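Shown next, in C-alpha cells, is the structure this report addresses.
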Amino acid sequence: METLSKKDFQAIFSALKSMSESQKEYLIGLDSVMGDGDLGLTMAAVFKSASEFAAEYADDEIGSLVMKAGITMAKAAPSTMGTLMATGFMRAGKALKGKDTVNAADMADFWRAFTDGIAERGKSKVGEKTIIDALEPAARVLAEQASSGASLKDAMAAAKDAAFAGVEATKDMVAQHGRAAYYQEKSRTAQDPGATVGAMVIQVFADYVA
Amino acid sequence: MKKFLNKPETFVDDMIRGIMAAHPDKLTYVNDDLRCVVTAKVKKGKVGLATGGGSGHLPLFLGYVGDGILDGCSVGGVFQSPSAEQMLEVTKAIDSGAGVLYIYGNYGGDIMNFDMAAEMADMEDIRVEQVVAGEDVASSKKGEEHKRRGVAGIFFVYKVAGACAAAMKDLDEVKRVAMKACDNVRTMGVALSPCIVPEVGKPSFSIGEGEMEIGMGIHGEPGIERGPLKSADEVVKQMLDAILADLPYVKGDEVAVLVNGLGATPKEELYIMYRKVDEMLKEHGIKVFHVYVGEFATSMEMSGASITLLKLDDELKTYLSMPANTPFFEQVQL
Amino acid sequence: MKKFLNKPETFVDDMIRGIMAAHPDKLTYVNDDLRCVVTAKVKKGKVGLATGGGSGHLPLFLGYVGDGILDGCSVGGVFQSPSAEQMLEVTKAIDSGAGVLYIYGNYGGDIMNFDMAAEMADMEDIRVEQVVAGEDVASSKKGEEHKRRGVAGIFFVYKVAGACAAAMKDLDEVKRVAMKACDNVRTMGVALSPCIVPEVGKPSFSIGEGEMEIGMGIHGEPGIERGPLKSADEVVKQMLDAILADLPYVKGDEVAVLVNGLGATPKEELYIMYRKVDEMLKEHGIKVFHVYVGEFATSMEMSGASITLLKLDDELKTYLSMPANTPFFEQVQL
Amino acid sequence: METLSKKDFQAIFSALKSMSESQKEYLIGLDSVMGDGDLGLTMAAVFKSASEFAAEYADDEIGSLVMKAGITMAKAAPSTMGTLMATGFMRAGKALKGKDTVNAADMADFWRAFTDGIAERGKSKVGEKTIIDALEPAARVLAEQASSGASLKDAMAAAKDAAFAGVEATKDMVAQHGRAAYYQEKSRTAQDPGATVGAMVIQVFADYVA
C-alpha cells in the first residue's frame, strides 16, 4: 500500500477508536500516577467522535476530512490532550489540503505539521516530557525516510519505533508542563502518558499500512 | 469539607443555574451549554470581549460580563480550563462583525484552548485578537514577565478594555488599550489558608497555624516566602515594596489600587491593609486616583489577600472612570 | 487567630482609617472621632438617616452610608454598641432641619444607646424617630416578633427608607416606609463555622466538622437546630419553608430576595443556594422582582449564609429600585 | 439635714467619685465573673466626669445640675452601666426641675424617676438580676418613708438597707440581660455587679445625709 485514499483514512480513524477503547484502562492508569486519570476517557471520547465524523464524510479530499475530524475532537473533550490531539489533526489536515491521496512524502508532511502544531499550541519542545517526545523523533525519521525514497510501510514502521523510543526516553525526564510539572524532580521516573498516546496513534497508522 | 453544595459533580452547573436564575435580564448562555455565558444584550457593531477560565474564582471570570465590560465568558470546572469549543461558541455569539478580543490569564490550559478557539474562529471568518494578562510579580522574576500568572489585576484590564469597546473603538484600539493596562499593572498576593476543590474534598496544600505564604498563587502555586504571620503593616510593606520596585512605580505616578480578598478574609482586614498601602504611597509621592477594596478574584474560601497597582495616564483614567454594570460589579461614572 | 491586623486594640480604628483613606470623597467623620462616620455630602433639607452598631459586620453598618441610603453611622468596637454620645454627634452632623431617623438592629446595647441619643437629641431640639429592625425568624417565635434579632434584612429597610428620604419625603413618611419594610421582611441564617473577635483571640463557640447550625445569630447566638450539614438544597428548603410560613408569603406575592454570605462562604455557594430558592419560589407562585447575592451583613470570617425575603408593593418597589452609591454598595436605577 | 442645696449635690457627686475610685478593683472583680470586667473602670470614669461637671456648675437649680451631670456621664463611658447610670441621673434631674432645694419627698421623686428611667431604657424589671433589683426596693421604701413623714436621713437609711437587700436577692436570680444572660442557669449564684453599684450609689447619698 503506497498511497492512502479517503477510505483508508476512514479506516484509520476507526482503528484509532478501537485502539483508544482497548487502551482506555491502561491510559487511565498511566495518567493517574501524576495526573487526574482522565486520559483514557478523553482519548476514547475524542476518537469516537472523530471516527463517527469520518465515517459520514462525503467528499474525497483527505485534507479537509482530517482537519474537520480535528475540529470534531476539540469539541469532544476539553482536557489538555484532547485539545492537543485536535490541534495535531487540524494542522495535519491543513498540510494535506487538496489531496485525494497520501504517499510517504505526504505522510511526512502530515506528521511534521501535526508535531509542530502541538509544539506551538503547547509551547513545548523535546525533552520536556510531553507528547512531543514521541512525535518529534517520529516526524524526523519520517522525513528522512521519505526523502530517501522509503516505502510508506517502512517509513511508518521506522517512525513508530522512533516514537516508542521517545516514550522510553520520557522515563528520565522532569515534567515541564501540565499537572505532572507540580511534582518537579519527583516526576522524573514516570512514563509520560501523553507521549504514550502519541506513539500509540502513530502505531495505528503504521499497523494499517503494514 | 464544609460547603453548601449538592454533589461535587454538579457544583459548577448548579452555581451557573443560580446565577442565570438570579440575573435573567443580564446574562444568558448559548449552544444549550450553561458554561457558555454571554451578556443578555449584545451591542451591534461593538468589538466583542470574551474571557474564560476555571471556576472557583468568582467574581472572576463570568462576573465581569455585563454593560461596559465583557460580553462573554466560557466557564471551566473548578480550577480547570473551559474547552476551545466553548470559547468558540461564546465567540460566535458575541461577534457582531467588529471582531472579538480574548482577555485571559496566563495559565497553560487556558492559553492552549484560547489559541485553539482563535484558530477555529478564524476558520469561521471571525477576527480574533488575544491579550494574556500576567502581573503577579511573585510568580516570575523581572525580565520574565511573560511567564507571570494573571490574577486580580486582570480586573483592570477588563475594565479599561471594556470601556474602550463600549466607546465603539475598533479591535486594534481595544487590544492596544488592554495591552497598555497589562503593561502597567502589578499584583502580589499572600495566603493564610488553603481552599478545597469540591471534587477533591480536601485541601490541596496546608499552611501551618500562625503561618502565611507570600506570593502564593490562587490555585496554591508555591509562593516566594513562607513564614510566621506578621502584622498587617509588615505584610503590606513586604508586598508593596516588591510591587513598587518591579514596574517601577515612581514619585509623581498616579495609580488605581485594588485590595482584593481571596475569599474568607473579611473586608475589615482588607481596609486595615489599605490603611498601610495609602500611607506608603503617600511616602513615595504616588497619587491615588481611585481605590477598589473587596473580592475581585478569589479562590473560594481561601483566606488571604492581594494588592494590585495600575499606573494610569489620561487615557486609562478615562476608561477606568466609565460606568459598568454586571451582576457582580457596578460602577457609576467616577 | 489568623488575621491581617496590627494590634487587636487598634483593629476597629485601623479599619476606619483605611476606609477613610480609600474613600475620602464619600465619607468623613465628626467630633474628631473616627467612629462617628458621616457622608461627605449632607443634603440640605433632607431627612437624615442614621444607623450604628458593633464592628465586624461589614458592609454593615457604615457601608450603607452614601448617596441614596444612609447619612451617618456610629461605630462600636467588635460586636459592641457605639455610645449614645457618638450617636448624638452623628445625629447633629446629619440633621439639616428635617429631623433624623434612626434605623438599627434589635440588640440590647444598641437600643439603650439609641434611646439615650434620641433623648439627648431632643434636648438639642433635633427631632428624632426610631425604627428597630428585627426579622430573624429563628430568634423568636411568631407572635413575639418584637424580640427578633435584626440581621441582613436591615439592608432592605435602609434601602427603601434611604430612597424615600432621597425623594425628600418628610420624617413621618420616611419612618412609615421604613416600618413597612420591617413588617414585610423575614430572614433565616445558617452557620458552618465560628469567627474570632480580635481582642478575644479564639472562637467564641465551635461547630463540629460536618455540622451546621440553623438559625444561629451573627454573634454566635444559639440557633434552633444543630445537626449534620445537609445538601445545599435541603438546607435552603428548611430555611425558606420557615420564612415562607412566617409572614406568611403566599401565591401571587412579589418579593426581593437577598442571599447573604456571612464572611467565608464563597459566592459560588451562595448561588448554588439561590438556585434552590428560585425553584421553591416558582413552586409557591411567588414572583421575584430583584435578587441580591453577596455579602451584605457578615460576621468577619464566619462561614455561613442567610436568606431574606422582602414582600413588595408598588411603593416599596419604587424605593428599592432607586439608585444608591456608597463605597460598599452601588446600584443603578433598576 | 432636712433639705439639700446645690452645694450638697456638688458634694455628693464628689463623694460618688471617691466611692467609685475606692471600689474600682472590687467592681472589676465582680464584673469579671460573668461580664467583661470593665464596670470598675466605667464607673470611675462616669463619676469623675460628673463630679468635675458639678464642681463647675454655676446656677443654683438642682434639677438641671443633675440632668446635665447625667448627660456628661453618657459621654464619658459607652458601656451598659454608663448609659443606664446616665439615664438615671438625667431622669432624676428632670424630676427635680426648678428645685433649688431637695427634701425627703423630692428625694423619693428623684429615685422613682431614676429607677423608672433605667427600667424603661433597659426594658428590665425586678427579678431579672440587674441594677433594678437594688433600685426598685429602695425607691419604694423611700416613697413610703416620705409619705409617712420620715426624715431625709431615716428615709435614705431605710432605702440603703432595702437596696443592699436587693443586691443579696440577686444571688438567687438568673440573669435576663447583658453578657451574664449568656450563662443562663449558671448565672444564678453570682451577685449582680450592676445591682451592687446601684446600692453603692444610694449608700453615698445615705451617708451624706446621715
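For clarity, chains are labelled A, B, C and D in written order, and residue numbers in each chain start from 1.
The rule is simple: a residue touches a chain if its C-beta (ideal position, glycine included) is under 8 Å from a C-beta of that chain, and two chains touch if they have at least 3 such contacts.
Predicted, not measured: the structure shown is a model, and the values here were computed from it.
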Query = Which contact partners do chain B and chain D have in common?
reply = C
Remark   = Between chain A and chain B, the Cα-mean centres are separated in Å by 35
Note = Note: chain C sits from chain A at a C-alpha centroid distance in Å of 59
Message = Centroid from C-alpha atoms only, then distance chain A to chain D, rounded to Å. What do you get?
response = 90
Query = Line, ring, star, complete or other: which describes how these chains touch one another?
reply = line
Inquiry  = If I apply the definition of touch given earlier, which pairs of chains qualify?
reply    = A-B, B-C, C-D
Request  = Over in the complex, which chain A residues touch chain B? Could you list them?
outcome  = 71, 74-75, 77-78, 80, 82-84, 86-87, 90, 121-123, 177-178
Residues of chain B that touch chain A when the two form their complex = 76, 80-86, 108-109, 111-113, 115-116, 119-120, 123
Request  = In the complex, go through chain B and note every residue touching chain C.
outcome  = 2-7, 11, 14-19, 21-23, 55-56, 58-59, 63, 192-193, 209-210, 212, 229, 231-233, 235, 257, 263-275, 278-279, 291, 293-295, 298, 300-301, 303, 305, 323, 325, 327-328, 330-332
